[in-house]
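Note that chain A is present in both complexes that follow, paired respectively with chain B and with chain C.
Right after this comes the complex of A and B.
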């Protein structure tokens, strides 16, 4: 038998990780080539919906693992539960989608079961009845052929995302039988903290009509509030040149220039930015450029439509006051 | 952390002229015997073949003609025969054409080539023979068992600035191999690790020059393609070794550049700025008037000659090309020597793989070849200039009539930074040429024109052993020469939180010239390759 361990973790509200179905497609193709039945395992919170979805596919069965501890992800709980499931179901191969969660627990599971893990599988072929798997090396420049040695049962495989098509996961003639399997993971010293928020959508400065960008002239991070206030008064987004983001005073997704974003807003206000060419290429397409800099020779003035030669610590507060009075 | 392990037959580190010549010649030798080339790996840190290749470059055809007879007729390579040449002596306001071009600077029969294009051209031939060239993969460290070299580890991908793996993390590969060919070019970081680990070195220390170069688009007819000028004199004082070049390329382009010996006394010496000054010479100003700067690059060149060669081979390794210091510093040529040394190394590797010999046979091959014949005649040339231009010209003359010997068998030498004087022991600091944005440029503008790109979120690839040395000692003793010698504004002094100056690094500006690794007076800076694929895009 071939077992697919799916992931119930949603990628968006109500949306299963499509990688689970891709892994099912991979398992079905492998099963067809080796004449082995395929079963799916579902574990984790909200597993019923995914189990229902999987039951429509061409699978020998869908097994839901049951234990209250499976409500929240914990690598110890996952590994111990899956050791029990795999031991009981006795598959020849165990496939996973190559998700972050799988990368976290699959190596441990394989080690615990004295099995080998082939990660990031992109395809396979069968030679003398034995499957030979392909996995990328050297960042995809090569596909290495890897096979399990005869005694390394079961063989664990993670399937690279996008290598198989989820919509090619075959539908079954009839609903696959649903089974439940009670597992008894032991206590874990790990306890879940707050769920890690994956990096928020980077600020899309390219859509901002007004950008107030700050450079090294601001001198110290605490002075950034001054420019923040100006951005707020103008209703614009705050951005920066490389030294500011490099020093960690603002996040890197606020960086304008050759190693950051390229923008062309209606108004670009450059505060304390000298205008190295690396910065200019990221903003010179702006409709109106206003520069404030104390050095009249600063190259920023070559691209500016309006320039203020002066100390930003005088000019910016005056601008903020003027804008507030106007409002 | 575990690294996936792979067994290789040969690992060649670096896809420049030496490494590619080695790979190509070896592949052909193996083909002739029907042997497998499958497990030969060429590692190249640049994101594409040729991306990190920089030279003037006028090439003596001798090496390439042996490797690829008839190369000159191949339009894909586009080698341009030198049509005329001259030596110009610059004084502050005049350029005097030397009535005779000294024989070493005769370039008839030589070719102007793009080193970048040469690497692409050779690399395509290597790949066509089925040898794996892995661009964007740097040799990051060596694997040893005691003194025994076991292989090469490639760079980790996807490590953040905080040294933690990122979502795209991929560990480097451990390439286990009986044979490593070090072809990393000038000041190879792995060759340095190898020689350091085994405590090996040449009879003389290696010394270097830094070449700073721009390619300009000129009005049509200004400077003919195939013309080669070298310059001596201004802006260098006579105690500073260096010279300039102007090479006429196709399509109304010129390659102009200045080589500054990294053996200067004044820590405020700034080779990039000297090059800017060079362009303000009336001769250069007139040449460049109405033109536009198109490309920029900088690279060091080993100049120490024969006595500065490190041992060239061990049981499991060979060193070729610039990594071995195979440059004729009198003729300012090394590409032909790089190619030849790569071919000789290939023969040694082949003999080792087929049980007919060992890698230890390679130095004898070099000895018996025209590489030695050529370099032996100039074995003391560069060291003769240790005490300035006039003494140097005298020694060069004596060496000319004594077959390279000069006044003693081996002229001694000291490492470049050992000559650097402390602050306050010299007169006024050198005059700086301010950038005007048309003829002269600041470093960051030039860096922009080198096409340099690095992943910003990665550990700094310039390892500072002790930051306190920079911020407390060096600032007092030498005034942080890194800020001056770096041609890419990687190093700057900024005012820290406590109001005192402190060193700040911009590693993503780095054009991979290696000057900092060479020239730091405390040897406090170690250059290691950044994540593979990062760096300049010379072309």
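Right after this comes the complex of A and C.
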């Protein structure tokens, strides 16, 4: 059997984290290739609503873990509960969406169960009956084919966000049977507080039709005027990769990516941004993506519609001039 | 507080990464630097020590060249360093790397262990959490702030969550924290620091001595392949002026600028 562990949305319990359905789709595809049935596990607040939704998918069963401690997320509670569930259900593979929550506990769960966690999986193929998984390495500049060794049983996997399509999670012919499994996690020494947002977002980049985003290729804060001019010439908003905001060169509410905003404008122009996955998840839904980067191998070109290999300090001023001339 | 900081040496950000002949790793003849979040982890450890006293120990698992990240850590203010040396350290998975780290510090007791949240080369994002599991210590991940936790036995940390969300958590020491880039502002080593570093202890232990090698791996990289393109990208060539003119033309048609 293949188990997929789903997760509720951080700020909206009762709703799926959309990455959960992507993990279900990945599990179904792996199950089809290996001829293994797929079951889903739900745990956490409002699991009943999620279990109902999951049951409409093509799954052998949906298992709800039950314990009063399974309200808000806690790593120890999750690990102990899932150790019990995995021991009982005996899956060959356990899949998770690659969320912040999963990053927090899945390595611990895998290690405790004498397994490996292959993280950030983007695809797989089967060779001689054994699956070989694909995951990014070197910040996406290379991909690695990875296998579990004989030391790992079962195999744990996290599925990269956006690598599989949630809307391709197959629907079932009939509702999947629901089961409950009582678990008995012990206490945790860690006490977590409420989830909160730092400050009110001053700019809502999600509404901007045109975004010019700048990355570390800009080198120094004084060079930001260059991209400001470009944004002005295009009538767009300025945004940035994380290191630019970390350094305080632009405010945090202009950060695009997994820890910042997710946008899908009609035009996204990435200037001096390498295209790390945590940046890509925040912008790859944009309708037209332009990348300007001096490195022809930069992963940003993999999602770009138009790629300009060149020195941004030459290309951007030329672009500003060209835009002004055509206006 | 006694703090261990795990520092990994990784290829420099702009290093061209060519495949090694066996295609399981990249060619070694590139420039290296300390993994970015690890640099922030070291800075945070130094700040904690400056605020509350104690000792900062830097540790790396890597080949001979990796000693450079330890010398830099000593120059910035770490008190001593441990080099877990092995020519095949790059072939260790996160579990085996975590075994190397915990075996190398067996017999010592740290109040806090810091790792970066993710390495730029392997990108596993796991080693710190596995270290915690092997030590039986609590952990907290993606840390953006560390404060005293009310008494000497607890700390309070600020965790980063998705999409601009955060959460505070309180946990007892000893604990393992995985540090996120941007938690603080990095310092530079001073000339004085570099001079003093020469007299600070740098202990060496080999992977063989502690019984760690790729044979412990629970997952293995078979080979590296180029990333798959998701889109048919139109590459625009020419002088910057020509590139700009072509791009504007395309955007006029596609985006109706």
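The rule is simple: the second predicted complex is superposed on the first by the 190 of 327 C-alpha atoms of A that agree within 3 Å, B and C clash if a C-alpha of one lies under 4 Å from a C-alpha of the other, contacts with A are read in each partner's own complex, and residues count from 1 in each chain.
Operating definition for what follows: contacts are C-beta pairs under 8 Å (C-beta built on N, C-alpha and C of every residue); 3 or more make two chains touch, one makes a residue touch a chain.
Just so it is clear, the model here is predicted, and its values are computed rather than measured.
Comparing chain B with chain C, more residues of chain A are touched by C.
Of the two partner chains placed by superposition, A:69 touches none, neither chain B nor chain C. When the two complexes are overlaid on their common chain A, residue A:100 makes contact with chain B and with chain C alike. Contact with neither chain B nor chain C is seen for A:203 once the two complexes are overlaid on the shared chain.
Once the two complexes are overlaid on the shared chain, A:60 sits clear of chain B and of chain C alike. Once chain A of one complex is fitted onto chain A of the other, the partner contacts of A:141 extend to both chain B and chain C. Overlap of the chain B and chain C contact sets on chain A: residues 100, 137-139, 141-142, 246, 252, 258-259, 299.
Across the interface of their complex, chain C is touched by residues 10-11, 75-76, 99-100, 103-105, 107-108, 110-112, 114-120, 123, 132, 134-149, 151-152, 188-198, 201, 210, 216, 234, 242-243, 245-247, 252-253, 255, 258-262, 266-267, 274, 284, 287-290, 295, 297, 299, 301-311, 314-315, 317-319, 321-323, 326 of chain A.
For chain A in complex with chain B, the residues that touch the partner chain are 100, 137-139, 141-142, 246, 252, 258-259, 276-278, 281, 299.
The touching residues of chain C, when paired with chain A in their complex, are 11, 13-14, 16-17, 19, 26, 93-95, 98, 117, 120-126, 129-130, 132-134, 138-142, 159-172, 181-182, 216-231, 233-237, 240-241, 243-245, 247-248, 250-252, 254-255, 257.
Per the touch definition, chain B reaches chain A in the complex via residues 4, 132, 134, 136-137, 157, 167, 170, 173, 437, 444-445, 447-448, 453, 456-457, 506, 508.
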